[in-house]
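Presented sequentially are two complexes of chain A, the first with chain B as partner and the second with chain C.
And then the complex of A and B:
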């Protein structure tokens, strides 16, 4: 595997303390027939160099739009209306399209859920990886090609030199996602954004891709911002987690803390609705009643209040801020309960029995 | 490990939840021809389902699990009589589905229905909910129009919607609500058996739990048999009585759910279980990825044990003969590959 020093671009040393990505009270809105709709509201998060952060939420939580806002890939009707997105020291909000093109691919790589639609069906994968290198790095055709083979080897494409001439349809879903990762890493970005990278894949292939993402981070030091709906995937890959609900960050903190002792009732309910890893057909699955509110009819107070089991009068009228937890660890939650010291009960997945798989 | 016993004909010795098998599938095989263009009219065959046998009793849930392309959905369609098998039989209440024609096949389809994976593409956007749910009633000429309206209202209430929803259209509903409509549609003709083809994999986790609970309640109330097709082992563990693991068109292991998860025997089953991401992964050392490579093409399956090219334990003898299903514990059968020894 190539080391960082062989990567084509030089970049600031990881030693400096500036986060790779810092999103501050971001609002993103889309123009619709019924007026502007705010899809992301007051979202803040940071990713430090080499760190792996997961954004988790259900559909409509705003997690993908947050990622697209960072990449400047919002549709023409979408716009960042408030807040700042800083990549190292550079403000990305308000950047021209031209300037953004230099950021995408070089400083930030991105992979998407569906590798089939992201690769161009009429070009060979060799051409596409080579192109990704040559757009940003001043390399000759031959050098770019060598680097492409190196990248394909790194992401685990068997027999990469001959696979260079294969077209996307000749590869399986997992292989295509590997090619996408190779393209995203082509210029040695500081940050890799992965939006549901394994959702379209089978579970055995998912395990391989998650392993590749872990390895990439360990060996290249690329920071990872992972967007997912799957809490187990978060547990497998991330160090810190940001939980989003209805466009807002409702909780964030170290994965081990958030998944074992959630402070926001939504996180707790989400954890409870995951089928436990025990064979017990007598118990019903715990559900979160109701559905995510539509952006047109957001509740005035806490956005989770209509579905919350711990709802109080105050929750319905006043929106809670995202506040740091009193225990001083790097945790925040958006809940009036955080004032009191009682975390929502009955949610520790650590107490679940697990099955050892003999091998 | 595997006792030297003859391949078993009927692997289901476990105590049935109730009565006789409602569905008995024997040696089911489906090959799809691959057309190669004008000069090569037949380029090969995809062996989508190859000699698959299982039984489901009334009130029982049998899960078919496996990766995409393993033949689990094709099996579901064969059972429904939506596809004609290349070989083997599907007997439902003692009658052979594969030989049914005309009125008899229509009656079979009334008694066995399907819930599809994608609640967005499986509901006709031009019909209102009443039309979608009532379509089966009209086709099977069940009741007068006013009786059908009453039945539609009843069904919508049953799945947790409101009778008023009958006049609305699918696009006005969320994914979870649409799946409820899909379930109401499937239940309209009072079937005894549902094929559930990945019924919740398109839904959010919190909504998945709602739909799974609904399916379970319906099973308890009506004694429905389910053929539950899924790739999600966590979910299967929660809903199935028995599990059949499929790989490249074959069943490689079949067992009561608890036995399968407690004591998986086939290397593929073990790899599949090991690959499931775990909520407590952050607190344990990262596991080695057990399985390399991906599912080979079913058009050209490996000789002998089909799992051999990806199997961490493969031995040369694995290539010689197709492993026969062997009973290793009551109700627990496994394709006994030579690599077990």
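And then the complex of A and C:
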């Protein structure tokens, strides 16, 4: 696990205190045949200007749905049922379709997991980038084209002027993700949401894309909300991390702190399931026993209780709130043991709920 | 692309030749002979019949007859119609435009109506429009075109008290009359086509509307109209294939509909030529249908490249 040496918060716009994104006790539910299912429950997180925040969790933890809730791009059966999403000073929950369209692309851009399917196959790259510029900016065709070439240059597309007339299938996966980033940044948004941006890419290309994301944040001051399941990516790119489990935020704080001294047993278990280094085969990996509870059979108490090594009677009956850690370092965790002096997760590597797997 | 076209033209040519031979043989195997059909009521002796048969060359073995047909065709002579006593080329030249006009009208109508219905139905999934389109498409698919033709003509004449003018006028002679004569059969032909296009474009649109790049478009802040435009263009690919396939059925439909609506087109010519055992005319008109079908399918394949850039790269 590579650790970050930099200070956790060095923001270009330190003077501006209004967070770029502030999600407050968000609930998102989907209509299903068996009634409404709450996929995100009481999720809160904040992204400051120029900051890079990662949301980690297994599939089904609600991290992508949280991101799509911000974009207002939930499927027609999904709906934000409670809470608030503020972009700068603007409340997004309850915004009309028309007003939301003005926000998307202009104030917040988004890139997705699979760049091979995210670009329209029958239009040229140039058309799609230019379109992103012209949706919000009242620019002429020529000016928009020039800006598009600029954007493609910035994201590192070789020979951008001639690639403008290429179709998506003529580009590699990494290049297509670069184009997606160019599209997302076309109108200079305050916030870029990246939903698993490197998952579908080759390992070597992954590093390049992460590097690009870091560079654009540094150069443009765009805040980044990175959705990922990959803790290595988190430590590479993010300053703060939000860990989600079964639709809830279970822990958040500065990356260096959370990854070295997790306060929630789930975070700790997650960390132990990561290979320490490629060359080190001496230690055994641990899997977290059991599975994420389905939204239909959510436990009454702590949602991690059935899989937790430190489970107590109270955990099964009463749901812990997300509380600030006693040391006050902008850390929060959702565990009954969190306010005790000995953080549970750091101590004894749970022998009960984890199994060793040979590597 | 050029190589693909060359290959397809070659295949088309081979298919036409297979058709020529099969048709030539099949027609002569059907009971009844042209000489008796021509002279049905006239009192003619067996010798006279034999004489006439020999004169038309129908006493020779089929292979020899076929050889002669090819030799003549190579010189541009497609023979003379038995029933009409005029060169086949002349008859065809007169009748082909009627069928082409009818087919073009029907295809345009079918594509425009079908695509619009399918696209709107997908965009408003679950609404009353969607329900109407889905039920309508199922109905349209289950009604044979000649029946729709009969229904249309009785509806128009009984309820509206109007009948399309009977004696045919070409579009250059009298466009109004011409259109009045063609509109009903064109609708009858278009119903089935538009029904299948509506279904196909609906499901293609639904696929596309749920795809990742549509989400990207929305993430850009594009309007629903832009999303719709992109989705429509992407769903044209399967629709185009369908048009090519359905065209066979459509051309077949002209045979009966031209009969019902008394249009002197190629379809009616085939119908009459079969009744008269008019071998030379039948041979050429049926071949022409085959030629039309192959050509239009080739055009469809070529136009894939226009709507789908991925085809341009792979089929070089």
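What we mean here is this: the second predicted complex is superposed on the first by the 322 of 359 C-alpha atoms of A that agree within 3 Å, B and C clash if a C-alpha of one lies under 4 Å from a C-alpha of the other, contacts with A are read in each partner's own complex, and residues count from 1 in each chain.
Note that in this section a residue touches a chain if its C-beta (ideal position, glycine included) is under 8 Å from a C-beta of that chain, and two chains touch if they have at least 3 such contacts.
Please read these numbers as outputs of a predicted model, since none were measured by experiment.
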_Touching partner for A:274 - first (chain B), second (chain C), both, neither_ = first
*Give one of first, second, both or neither to describe whether A:104 is in contact with chain B, with chain C, with both, or with none.*
second
*Kindly classify A:114 by the partners it touches after superposition: chain B alone (first), chain C alone (second), both, or neither?*
second
_I want to verify the contact counts: of chain B and chain C, which reaches more residues of chain A?_
B
*Once the structures are superposed on A, label A:169 by its partner contacts, choosing first (chain B), second (chain C), both or neither.*
second
_Of chain C, residues touching chain A in the complex_ = 211-213, 215-224, 226, 230, 233-234, 307-310, 313
*Flag every residue of chain A that touches chain C in the complex, lowest number first.*
71, 73, 97, 101-106, 109-110, 112, 114, 117-123, 131-132, 135-136, 167, 169-170, 180, 183-184, 186
*Please name which positions on chain B make contact with chain A in the complex.*
67-68, 174-177, 204-210, 212-213, 216, 231, 233-235, 237-239, 241, 257-258, 261-264, 270-283, 286, 289-292, 294-295
*Touching chain B in the complex: which residues of chain A?*
58-59, 172-175, 202-208, 210-211, 214, 229-233, 235-236, 238, 255-256, 259-260, 269-271, 273-281, 284-289, 291, 349-350, 352, 354-355, 357-359
